[in-house]
Amino acid sequence: MLSKRDVTDLIHEKKRAAGLSWASISEGIGMSEVFVTSACLGMNSLPRDKADQLVLNLGLPQEAAVVLAEYPNKVFDQAIPTDPCIYRFYEIIGVYGQTLKELIQEKGGDGIMSAIDFDMSVEKIPYPKGDRIEIRMSGKFLSYNNW
Amino acid sequence: MLSKRDVTDLIHEKKRAAGLSWASISEGIGMSEVFVTSACLGMNSLPRDKADQLVLNLGLPQEAAVVLAEYPNKVFDQAIPTDPCIYRFYEIIGVYGQTLKELIQEKGGDGIMSAIDFDMSVEKIPYPKGDRIEIRMSGKFLSYNNW
Amino acid sequence: MLSKRDVTDLIHEKKRAAGLSWASISEGIGMSEVFVTSACLGMNSLPRDKADQLVLNLGLPQEAAVVLAEYPNKVFDQAIPTDPCIYRFYEIIGVYGQTLKELIQEKGGDGIMSAIDFDMSVEKIPYPKGDRIEIRMSGKFLSYNNW
Amino acid sequence: MLSKRDVTDLIHEKKRAAGLSWASISEGIGMSEVFVTSACLGMNSLPRDKADQLVLNLGLPQEAAVVLAEYPNKVFDQAIPTDPCIYRFYEIIGVYGQTLKELIQEKGGDGIMSAIDFDMSVEKIPYPKGDRIEIRMSGKFLSYNNW
Amino acid sequence: MLSKRDVTDLIHEKKRAAGLSWASISEGIGMSEVFVTSACLGMNSLPRDKADQLVLNLGLPQEAAVVLAEYPNKVFDQAIPTDPCIYRFYEIIGVYGQTLKELIQEKGGDGIMSAIDFDMSVEKIPYPKGDRIEIRMSGKFLSYNNW
Amino acid sequence: MLSKRDVTDLIHEKKRAAGLSWASISEGIGMSEVFVTSACLGMNSLPRDKADQLVLNLGLPQEAAVVLAEYPNKVFDQAIPTDPCIYRFYEIIGVYGQTLKELIQEKGGDGIMSAIDFDMSVEKIPYPKGDRIEIRMSGKFLSYNNW
Amino acid sequence: MLSKRDVTDLIHEKKRAAGLSWASISEGIGMSEVFVTSACLGMNSLPRDKADQLVLNLGLPQEAAVVLAEYPNKVFDQAIPTDPCIYRFYEIIGVYGQTLKELIQEKGGDGIMSAIDFDMSVEKIPYPKGDRIEIRMSGKFLSYNNW
Amino acid sequence: MLSKRDVTDLIHEKKRAAGLSWASISEGIGMSEVFVTSACLGMNSLPRDKADQLVLNLGLPQEAAVVLAEYPNKVFDQAIPTDPCIYRFYEIIGVYGQTLKELIQEKGGDGIMSAIDFDMSVEKIPYPKGDRIEIRMSGKFLSYNNW
Amino acid sequence: MLSKRDVTDLIHEKKRAAGLSWASISEGIGMSEVFVTSACLGMNSLPRDKADQLVLNLGLPQEAAVVLAEYPNKVFDQAIPTDPCIYRFYEIIGVYGQTLKELIQEKGGDGIMSAIDFDMSVEKIPYPKGDRIEIRMSGKFLSYNNW
Amino acid sequence: MLSKRDVTDLIHEKKRAAGLSWASISEGIGMSEVFVTSACLGMNSLPRDKADQLVLNLGLPQEAAVVLAEYPNKVFDQAIPTDPCIYRFYEIIGVYGQTLKELIQEKGGDGIMSAIDFDMSVEKIPYPKGDRIEIRMSGKFLSYNNW
């Protein structure tokens, strides 16, 4: 029985062998880079038709489509990530977390930004002083209930 | 001798008494909401002239400007934040961290997004299905050195 | 400047001195026991008019109403609670967490129960073999976005 | 020798292959969804006759019934769960734990809600503003002994 | 407003000044050493009449009786105790915990020993090869519910 | 080369297949239930002759006797146990640990109860209000040296 | 009411003011350096007559003798010490811990070296290649009981 | 390719089969028990000629000598050891760590005892009141540099 | 599919068999010891042509060059390293971390030394009083942005 | 009685008031920036004559010189530092720790770089592509003893 991890390994293998990019893989099924990559890494579930398409495009076994459409257990092992590229985001949340809370609640009242009704993009933007990475996150504002 | 924390408390007190917003405080010194809020919370240093202006605007003691311009120790106590508004960002990094790494490095090569040469904004955007919070982060792409 | 903790202490003091119950305190402002208790313990914000009424009923200083209406930092110190009455709930989540996930997602698709658009009640129900405590939690079902 | 984990894997495999739901599996042995799911996940022991019936219904090897009836070691690895669907319950206990204690003890005296003489249900309820998940927990009230 | 901790300090002070033992303090109110000591240390609540008697016997302020009868938050800071006298018990649970589980469940079926409907005693028993400490714990056997 | 864990697995397998109890296994070699169970779980070493007898009784390979007589590494992975049956004992030590210390030292002077020169028993005792589990621990009192 | 910590502070103050050494303080009451220092730091209890003598020698308040003779709570905050002088011992236990166990049990059978019936000395020994610190620990060998 | 762990397993196997002691193994290569045992457990590197001799004496494959002479990664998994025989040493460092620092620095000035230029022995000494274990540690005194 | 770890193992094996040094391996591809060693240990990515050269020099399979050029996940398991040679650097950061921050920021303003645009060397320098290890780190100074 | 922390606060206060730099403070007593700063932060002890000079230069109370010359407890609270300027060094040790070990031991044999017989410098060096921070660490090479 294939696991999410097995499917991730199969995709990595195809990706290395064929020199594919996440950009082309996600374009191939008409969805965003961030979402498709996260699903391939086992952190989101693809709609079944998209999973079928991806499996077809990459030449994976059919069972992989079932697995890609299953609801994942979102397990992350490192409470504090060690890879510098990921740690910097952890650091940003540590340094600016209280600021984000103050401003979200100043703008919307007592509540939060949803991490479920949520989307995100990543871009590299050329600048004279050096290229920049731009992350855009968008999540529904959810008000605390009172009752 | 005033500490960063003392100054944060003084600002909170003025803010509550005068019903001020972070938006107006930051506008008053011509800088962004995110940066000014983070400086008032003790997580960034204001340029001295901006600190002087802020102290003047809020009627704080002059020593507060010195403190606001000092370089902070960026200490965050909770390795895993408990407030839901902040935790959701932690969760996003946990769930999408590896995805961010894959895409940043696919676009720029082996490297990271800087958390130092960095800026961020927070907006609330009206949508038919419910308002959304939009976060935009921008950091310089830094390539790993080899030697 | 009164803090959330100061106000909690004031309420505890009044409650002990006057022999009040959370039931009567919450009834006095026409809101539920769970929500009012959590707000008095500093874990939720009361609507301002309810805060004014509570302050009037208990004879607290007027500033307490401002504090009760402020948006709290929901900080819980013990990652694993030690008090047996609270630990049992932690244990239930540990033992049944995966079960809850399986059933919520079987019924609603890939998603979660909101802890923000959320309410809860606590009752003691008499039974022949011994009284039972009944907890009812209700949260909006939120579907994961795909994009 | 089959372990609890092996049996869970066998059930998952049958469930995926035959497109079964936890609802139908539990109905097939006349017990509740929550209890049967937790037993299939290795967190509870089934009465032997129910285990035999389940093994028969799913076409599992007979040894699986012995294993399903054995008393489990209730081990949960993540002190703080990372999957959002499970974390929200952890967060609820963190935010409302002290409130639950105050109200249980106001209603019953010094004591706790049992997590052993305990049952639970999960329902999805349609609402105009969006479906809701409703959790009902019921546990015997246990008074602290004094002696 | 006196806290549990304040009352514990007052009792320690009286105990040191008057050279009292826990044995005599508990005898003075007709309850067991273990229970009374734990209540004086803030880990259990005394019945109100016993609290009144204890306060009278030790010459404590009347408010202390209210505090001794309140339901405590059972908070223990050290997840792993460092004092050797306490650590040895932690070690016994670590070494023999699985054994205790095997034997309790062999004798009673799937269930546990209650830590709520529970009592305990501590004795020093003279033996030729050296005195021994004997601990006796007794807790109600609770069966897991199935439903 | 058989490890302690291998031998524990062999015993569990024989025990399940033959429907044996720890009571009968320990009776078969004339030692107590607690000690024999803990040795079979790899947490104590059996005297060699007892190990030989146990291996004979259960029909285990002869090498198992060597292993059962070897001195174990007493490793327990969970600093805080999660199984409810074991956790309750952890909780008792957390709640009553300081009480145990106060009473042991009141009775014996500055010192501890040994966890090495130690024995323990577990019984189920019928009571009208429900059966009780009784644990008896006995350890030599050890005085702190001064020099 | 003086605490152990208060008395340690008083001794440090006297020690600094009068330029005393631990060697002279312990010699003044006829006990070893290690034991007296540990008692002054709040980690052991002095016999009452020795405590009286120490208090007299240092000119401390009489209550300090009572405190020095009380049984301490041996609390150490740092699970892993950070001071290099202390860390090196932690490292030695980490590196050689299994070796110590193998050799103690090879020499004495299944058992341990007592940390209660225990004494220790520290010496600086001149050597041509540089002075050495010599630590000597001596503890009673305790055999595990079987029963 | 043999690892340090593989070689440790080979030595354990030979030791059990031939009934060897660490005393005889170390005597066989003319080095101390503590050092040879620690090297066999993978925590030190043997000089190559000693490794060759040990491999010859025990009849191990020649590659094992290469491995025994390689520089180990000194990894210890348990920050706080659980085996009682090892924990007691951890406890001694916790209880006496500050005392060791005070005395080492009183005797030698600001500095530490080296754990690198270090040796240790373990002896069992017969005493009328019961055998004692004696540990002797010797490490070079290292002064902190100032510059 | 070869992983980074597999390639590290292959290199270790060649290195042991042929008696190679990191110095010669890095010289063979014309890059520094520190960088090449870290890449061989899976902590940096080699430029593809350098990877090809290294694979050729050591006689590794061609796929190893692809792997050596891939961007690594920089995962380090031990938050606090236990090997003394590595721990000493951790200790230096613990003891001198605040000092480094004070001096870097005194010299450059509010900012940091980059760990990405970074290089390092290790040398052994002979000195009369004993050889010394010299580490030189060089990283770009990055100023905090304000906006 | 002044503590190390009190003296650090006094120095910070003088430094802020008089606009002093660590460079001038250390130059004033003829010692290096790194060492003097670390001593002022309570992490090293100054020779008494240097402490006297520093106290004189800054106009501190005479007792401060005694404190600056006392041997510090090198306590660092954050096992993983959060300030980005300090974290980057932690990250470097995490990423390059094994590399440092490999190279130090390749050059010197089985041993370590001392963190006690140790010195360090920090420089800012102008470069065309942006200023760089250069750290130089030098510690005595210490060989592991064998015996």
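Letters A, B, C, D, E, F, G, H, I and J name the chains as they come in the text, with residue numbers starting at 1 for each one.
One rule holds in what follows: a contact is a pair of C-beta atoms (placed from the backbone, for glycine too) under 8 Å apart; a residue touches a chain by one contact, two chains touch by 3 or more.
From a predicted model like this one, the values you see are computed outputs, not experimental measurements.
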| item | value |
| --- | --- |
| Any chain that touches chain I and chain H | G, J |
| Farthest chain relative to chain I (centres taken as mean CA coordinates) | E |
| Interface numbering overlap (same over half, different under half) for chain G and chain J | different |
| Euclidean distance of C-alpha centroids - chain C vs chain H, Å | 55 |
| Separation of chain B from chain H, taking each centre as the mean of its C-alpha atoms, in whole Å | 51 |
| Rounded Å distance, chain H centre to chain J centre (Cα mean) | 32 |
| Whole-Å separation of chain centres (CA-atom averages), chain A against chain H | 48 |
| Chain E: positions in contact with at least two other chains | 34, 73-74, 76, 79-80, 82-84, 91, 94-95, 98, 101, 105, 111-112, 114-116, 118 |
| Listing of all chain pairs that touch each other, if any do | A-B, A-C, A-D, A-I, A-J, B-C, B-D, B-I, B-J, C-D, C-E, C-F, D-E, D-F, E-F, E-G, E-H, F-G, F-H, G-H, G-I, G-J, H-I, H-J, I-J |
| Sites on chain J touched by chain B in the complex | 9, 12-13, 16, 78, 80, 82-84 |
| Partner chain J, residues of chain B touching it in the complex | 1, 66, 70, 73-76, 79, 115-116 |
| Sites on chain G touched by chain I in the complex | 80, 82, 84, 87, 91, 94-95 |
| Chain I residues within the chain B interface of the complex | 31-32, 34-35, 44-47, 71, 73, 98, 101, 105, 109-112, 114, 116-119, 142-147 |
| Contacting residues of chain D [partner chain C, same complex] | 21-23, 33-34, 37-38, 41, 43, 74, 76, 79-81, 83-86, 88-108, 111-115, 118, 120, 122-125, 127, 129-141 |
